[in-house]
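Read through the structures below before going on.
Shared chain: chain A. Partners: chain B in the first complex, chain C in the second.
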Partner chain A sequence: MKKVVIPCSGIGKAFGAVAREATYLLSDGEYNDMFTTICLPLLMTDDKESKRIVMESDVYTIDGCPKKCASVLVKHVGGTPAMEIMTPKVLAENKEHKPETVLDIGSGGRLLADDIVNLILKHGGSTK
Partner chain B sequence: MTFKPKVGLISCSGEACSGGNISRAATLEVLHHLKPNETVTICLPLFLAGDEAEREFARKFPTITIDGCSKLCAGKGTTRYSSEPAVEMNLEDYLGKYSESQDERWRINDSDIIVNEIAQDIARHIDRLRDEWG
Partner chain C sequence: MRCNFVVRTYILPCAGYDRPGGRVTRAVAEKLLEEFDDAVIGSMGALFKERPGEMRDYRTSNVICLDGCGIKCSSELALDRGRNDLTVLSVPDLVGSVEEFEEKVKQMVDVATSELNKRTQRTSSTVSEKPSREIEYLEEKFDKFTLRVAKGLKYSDNDFWVWDDGNHVRIGASDLLQQMISDVYFVDLVEPGTHVDMFDDVGAMESTKIMIEIIVPLSGTIVESNRALEDSPELINESPYDRGWLYRIEPDDIDELELLRNASDYMVYALAKAKEEIGKKVE
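Showing the complex of A and B:
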């Protein structure tokens, strides 16, 4: 069964865009045989299929701000994230990988997304 | 001088399909280029995970939800956790079943024109809602 990566859906800050980029690097990039993603907002509407996936899979949440929407929603439907990543905390460990804007995360943001990917792969038993 | 409120834009930004990314791109176009001074955005999941401020904004001021598919998560979520949106847009009205494809869920490749069309329609709704306010 594929592992599920769920970013925060944030549209207001660059960190949300970085979370989204990291998700697609896993689900649509070279690791697409290991990872997939689902729509986070579906968890707000009590969508049964999304709930089932969250309950039955290893879920990795990537949040862009302290409100931790992705993690909160997964827990709201009864799931337990295998790993909860806070993008600003990853930046604190890699200070030169600073994202630019929500419209263009820039080279720093792409490096930060790579950092997140590596954290998840390390946790998930694979390395880049 | 008549008060005109900012309009809240709530995009589903759904990760799983092209419609979600197109809704996000169109919303960002309005927020950053077409109507930067007339709009605010609220991350949809904040209605559940956030504090009362997000819910209160949507109770007091007009909102437009921009959903990528007919599951209408943004419209339903906003109604459930805050208040009924002034305008509910369903991008399947523009994209048909393409909205459920995965072709552009990561990057916008071929949909620049439709993104701009949707953004222009959002902007027209914003002008109307602000004109009708009060």
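Showing the complex of A and C:
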């Protein structure tokens, strides 16, 4: 079963854009046989299929701010994230990987997304 | 407390990550953000959790929902939170038959722009989140921003304020400063007990734009740091004069406050600084 990565819905925020970039690197890139994502709003509408996936899978949440919408919503439907990643805290560990703007997270933002990907891969014990 | 807010445009894209329509709604929202000075992009998660700042924007703005698929999460959630005067645009309904991603986005933006231009911007009065104390403000507009300066405080040229509560003083960042540095994501505060001299730097705030030092506007001993900022640094942006305070200080000499600017003096100074920063004419 694929592991599930769920980013926050911080549209218009650079950290939200980084969270999504990291998610797409895992779900659409070279790790797409191991990771998938599901739509966060479906958890708000108590969508049965999404809820089942969250309950049965290893879920990684990537939040862009301390409100932690992604983690909170996973818990709201009864799930327990295998790992909760806070994008600003990852940046605090590597301050030169700073995103630029929401429209273009820039090279710093892409490096930050890579940092998040590596954290998830390391936690999941699966690097190619 | 009642405050005036300019009614804005609150765009709520569905953010469906694994669905093509979700990507279209995000791209449309970001384009609209570029086109409309008064637009803000809402967060499904924050609206679901009824985060106070989000609810304020939702209640006081013209709301436009962008649904990416037939489940219509965005408009369903917006309706559920109490508004029934929404503008709802659905990707499947409007551009379902369009092949190209860019063309879908363009057509959606055109429809949204047309809808938004029909609306008249207005000003309304609404109840703000209750502050811990009564605060009255001076307000001025510059460019697309509204600058607020709390009355009764003293201000340094470094854009930090001081509030004398009769026992200790509290300090924090001004509204101008928080707007200039943008979203704060990390705050490093020194421990209580630290003695500071006027204009010493004691700690730092880091935002998506810049890291700045916290420069204390008067001398004294720090008796309390705002630990709430460790988990919620965004309070500096959301509530600069109240919940986003930085330190409580036992002043060495309260007369040092006389060296600082009062609110009306600081407003003049801040507007000039804002004008210089953004290089645009102040309204």
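The working rule: the second predicted complex is superposed on the first by the 127 of 128 C-alpha atoms of A that agree within 3 Å, B and C clash if a C-alpha of one lies under 4 Å from a C-alpha of the other, contacts with A are read in each partner's own complex, and residues count from 1 in each chain.
Simple rule for what comes next: a residue touches a chain if its C-beta (ideal position, glycine included) is under 8 Å from a C-beta of that chain, and two chains touch if they have at least 3 such contacts.
What you see is a predicted model, and the numbers here were worked out from it, not measured in a lab.
Peer 1: Looking at the overlay on chain A, is there a clash between chain B and chain C, or do the two fit?
Peer 2: clash
Peer 1: State whether chain B or chain C is in contact with more residues of chain A in the superposed arrangement.
Peer 2: Counting residues of chain A touched by each partner, the higher count goes to C.
Peer 1: Using the touch definition from the top, say if A:P66 reaches chain B (first), chain C (second), both or neither.
Peer 2: After superposition on chain A, A:P66 lies in contact with chain C alone.
Peer 1: Quick one: is A:A82 in contact with chain B, with chain C, with both, or with neither? Answer first, second, both or neither.
Peer 2: In the superposition, A:A82 contacts neither chain B nor chain C.
Peer 1: Figure out whether A:K98 sits in contact with chain B (first) or chain C (second), or with both, or with neither.
Peer 2: In the superposition, A:K98 contacts chain C only.
Peer 1: Go through the superposed model and pick first if A:F15 touches only chain B, second if only chain C, both, or neither.
Peer 2: After superposing on A, A:F15 lies in contact with chain C but is clear of chain B.
Peer 1: Who does A:L119 touch here: chain B (first), chain C (second), both, or neither?
Peer 2: So A:L119 meets neither chain B nor chain C here.
Peer 1: If you stack the two complexes on chain A, which partner ends up touching A:M34: first (chain B), second (chain C), both, or neither?
Peer 2: neither
Peer 1: What residues on chain A does chain C touch that chain B touches too?
Peer 2: 6-12, 16, 20, 23-24, 37-42, 44-45, 47, 67, 69-70, 72-73, 102-103
Peer 1: Report the residues of chain A in contact with chain B in the complex, numbered from low to high.
Peer 2: Within the complex, chain A touches chain B at residues 6-12, 16, 20, 23-24, 28, 37-42, 44-45, 47, 67-70, 72-73, 76, 102-103.
Peer 1: Looking at the complex, which residues from chain C come into contact with chain A?
Peer 2: Interface residues on chain C, with respect to chain A: 13-19, 22, 26, 29-30, 33-34, 40-46, 48-49, 51, 71, 73-74, 76-77, 183, 185-186, 206, 208, 231-234.
Peer 1: For the complex, give me every residue of chain B touching chain A.
Peer 2: Against chain A, the touching part of chain B is residues 11-17, 20, 24, 27-28, 31-32, 41, 43-50, 71, 73-74, 76-77, 80-81, 102, 105-106.
Peer 1: In the complex of these two chains, what residues of chain A are touching chain C?
Peer 2: 6-16, 20, 23-24, 27, 36-42, 44-45, 47, 65-67, 69-70, 72-73, 88, 91-92, 95, 98-99, 102-103
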